[in-house]
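Dropping the structures in below, format is structure tokens.
Two complexes, one shared chain (chain A), two partners (chain B, chain C).
Presenting the complex of A and B:
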């Protein structure tokens, strides 16, 4: 009997692919020069130290080579990218004041509804600037700060100056140097000692302008014993020109604090997503990364946890879905610097229609991290023979008093599993659908309900035919 | 005397530069062509020649880990050249043993060895490398194995050079339909062993096993890169590594299963376990799974840790001293591979080398 393949449809992007006419109030020219960088700083009325930081970052960018590993980036030409696009509105805290066309965009993405129903605060960035930020009054009363980065640079200058790009310095790699030069927008969150937010904060990033870059900066400080869940969502309409996203996320998790950072990324397939995220976790603190990568043409994204204090903990749960024309290089990095630190990595990927899914990780255990524990499980599902799925983990262990385990599996849907389920009364299609849903379930269950539903819709699994 | 210096790509696919696993430098010393010391023990109908005449062209699997010019350097400088050919359908019952010694008279060895098992033939070849302590020995070797349809080859390579020796070694295996190649590799000596192996499962139903024992003591820095390429349909492979690290030794172990498009129905598994006997070791593991075919099963697992306190306590409560207990644990760690070596004297030598190392370095743990 001839083998037939399961058919799993591409992610349905119709909900994200609408676009607005470019009504930007101001944008820089294409390319990257000291003049453009100075212009951005001037437009934002920044303090001198930030301009200095931008210009220093530009120097680092100019002298730093492109990565010699990872997906090909030949298509990226900075001469063609507009680094700053300001929408024709200022920052609003009343939804009704946001221009109608921007409001309509975010309403179609479900943002205001989510705010009403399940979020403690919302930020919305359109191209290079945050257009809306709001937070519930009771959180303000507890001293929680949730604002756009530009406001934070002005109103919380000392804190920002102390922490901004200290965890992810411009020297780290070429695209973070680029970010340091042209960053714009993003969110600043400060959760005071002991304050525990029971419902999440969310920032949503929308890049509308064709051929533009988005370089938002997210800085979160969770003080001793505090707790917060931060969600970011990203999308863009599809254009025929390349867009670039090179954001940077710096998270400071103080003693005994917990931060959950969830991302559902669904950029359009003309997007180069070269993003950097890093958390510094102090004694008995916890960082929890939840990461769903569905969109973009090319992604390089490896959330990093630096476990600096004794007993610090990191968990990473990620899913990547690579379809036609996509090269998604994702994973995680963990550095154990202190005794009794622990980390888990759970990664799942699906590749189909020639898509390339790469899992890349690095777990480092320093000589001071006696009693460290790390466990990584990486599973990849290949849905056809045109696609690729690669697993590239590195473990660097420098103490004998660590308990380290790593497992990875690559394969397709097992005939035996389908057969077993069929003997229990399921049709073949139901059996296959159940297996694929089961495969993504570890990530889905970590997401807030509305995002889990969203992910199921994104994956839009349509089962047809039989498994070969 | 000629020399060769280059940077070797050690990863089939590179990753972050700061991890320092992507490449390694190599410096090779040429020879004046004088043959180094070697003993050859063989019998039967196996043909061993000093040149490669009569070798049928075949893809060079060893080239995968060699930079441009290094293959030619080995060919030009080889002072030990052997072509071991097993005739069609012939099974050699006794292992062929080549002992290659480096000493004051022959401190530089460049060996270039080809083993070809013709269709349906089978053989075991053991290559043993030793050097006298204190000799500034330099070894560079290439072993190419061609396993024709339905043939079977077991290659055992045991490196027991002294702790100061230089050692760069490459194995290439090309396995045709229905054939099997088992490689057992023990890297026990030298200062900075640079060891590579690339096995290509070219034909349908080809199979390969790669069993590796490595030992780190003193300040030894082991740099190991192994890969199996599944090209044919229904090919099967297993990479299994057992390591012991002590004192201030360092090790980078990269093992790759690479499933090419078209290798449907293939299965591969890689597995590494490391026994750590000192808090100052550096243990780097890079298990890669590369997959361009959906109809395959690939998995890897890696684990490392120091001896289980409960097991140590149990042994010591039975009157066994800590050092003896560690020797027992080390022996147990490598025994499943050692017992696959079909020569008692080589097995004993290998275990004795492990024991000596623990006696020397296990005390500091």
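Presenting the complex of A and C:
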């Protein structure tokens, strides 16, 4: 009996892979100069301190070398990237006023429908600018702020000035310095003390222009005892030139507050996704990261939690799916600075058709963090012999009063398990798909239902059998 | 039949007709489980010579799932653990594949619940991941649950009774009794024979060193139980 060859196809991106003709109202030239940075700031009518921040970031960018580790980035040439593309529309809070071609993009992505059915507020960014932002009236009445970052700079200037890129300074690494220089768009969320949002807020980022960069900035403050779930989604059509995404997310979780931050990233395979996300968590606060990385050519993404107050908690749940031509370097970082802080990291990766999935984590426990607990579990599934999976955990423990665990498993689909399922009538393809879906189930069940369905669809396993 | 170039079964001739109950016994390493797995098309084994027929059709080259859909079933000695898939979702997908028909959620849930009750399984097991963290006995019950839901024409039970306590053996043998009818056939591989108490056994085969060395009626069970395999080999 000849054994069937099984091929599991790439994630079907057809739903995301449509592009609009370039109808931008304005875009900068390629490359990066002080002139371009000043131009962006002028376009946005920014206060002087923001322009200074941009120019300082540019200086940092110019003198900072490329990262000496991680996936190769030499295909990326900043001289070829358009840093700012403004759609020919202002910000709207009524879908009817959004230009038809942009509206139809977001409708195809299902955003307005999701807003009607299951979201408390929605933001939509098209290329460099947010084109739509809306929040339910009852949340406004409770003092919740959910707006685009540019509006926040104008209307909540003191808060923004105090917090903007303080958690993630431009000096951190080259791409966050770049972000500081050319950032545009993103969301600002403020949840006042004690306000608990039962349904999520969602921002959706769409990059349409070829050869462009998207540098949105997300700043969230969850005050004492408050709670919110924020979801971000990203996609782009595929072009033959590289696009760059270097967003920055700064999350401030105050005492006893809870923030859940969910991301489903499905960039097209010409995207360099070099994104920085960090949360500062105060006493008894909780940050919950949910992170799904499916698209992009190259990704470097390690959401970080700084557990600053006693009893602060961080949980990270991540899934990464690397197919042909993809090098996805993902993981998490946790810094325990206070007593009785706790963190868990749960990561799953799948690689196939020569895809590379790297799990990288760093857990550090300071001498002040007595009673800290940290546990990490990372599991990798390789679907064929040409794919690669690496696990690079780093731990730096500076107290002996900490409880630390790390587990890593790298495996393949077991032939015995496939045989078992096939004896129950399932085809080889169905059996393998079932095993893969089971593998990601711990992550899927953390997602809002429509995202879980979406993820199962993303892992639509299509088979090519050659009958023996 | 061979695995990795090594010959492991040699001249097995076995015919099971509808409604019959066959018992397969033999010392450890005789090839009983190998036979059971090979009949289901386990890709680890290669058929060098000979044929396997099911309902007069040659299935020797057929894939495992196609055999299953013909109505063949194997209760594994050590079932695989599959994380992330609940017993209920798995069995519903399996039943749909087995029958080629859509299986509606609510009626199926009801059926599953009733069958679990019959097997004295805690209903919470329906939501648990397939065999993950199940005790040996729970895994065996879960195999018989699958048999009861799929209702195959031929059920091969590979040491389903080993490692079970007396109550569990009784529950399972009652379940086999409910399954047994004029059309459904069974091939039961066993060391201990308590599971057979309720079943009318038609044939008993003794296997040793990869071949069937003796076939007789139910009285052979008693001989083996009393005198061991040495008495019949």
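Here, the second predicted complex is superposed on the first by the 440 of 468 C-alpha atoms of A that agree within 3 Å, B and C clash if a C-alpha of one lies under 4 Å from a C-alpha of the other, contacts with A are read in each partner's own complex, and residues count from 1 in each chain.
The rule is short, and it goes like this: a residue touches a chain if its C-beta (ideal position, glycine included) is under 8 Å from a C-beta of that chain, and two chains touch if they have at least 3 such contacts.
None of these values were measured; they are calculated from a predicted model.
Of the two partner chains, chain B is the only one that A:367 touches; chain C does not reach it. Using the contact criterion defined above for the overlaid structures, shared-chain residue A:419 touches chain C, although it does not reach chain B. By the touch criterion defined above, A:72 lies against neither chain B nor chain C after alignment on the C-alpha atoms of chain A. Considering which of chain B and chain C touches more of chain A, the answer is B. By the touch criterion stated above, A:427 is placed in contact with chain C alone, chain B being left untouched.
Shared contact residues on chain A (touching chain B in one structure, chain C in the other): 468. Of all residues in chain B, only 13-17, 19, 21-22, 259, 261-262, 264, 276-306, 365 touch chain A in the complex they form. Per the touch definition, chain A reaches chain C in the complex via residues 1, 3-4, 414-417, 419-428, 430-431, 434-435, 437-442, 468.
In the complex of the two chains, the chain A residues touching chain B come out as 68-69, 360, 362, 367, 370, 380, 382-412, 468. On the chain C side of its complex with chain A, the touching residues are 40-44, 46-47, 61, 63-65, 67-69, 72-74, 76, 79-80, 82-85, 90, 93-94, 97-98, 129-130, 146, 150.
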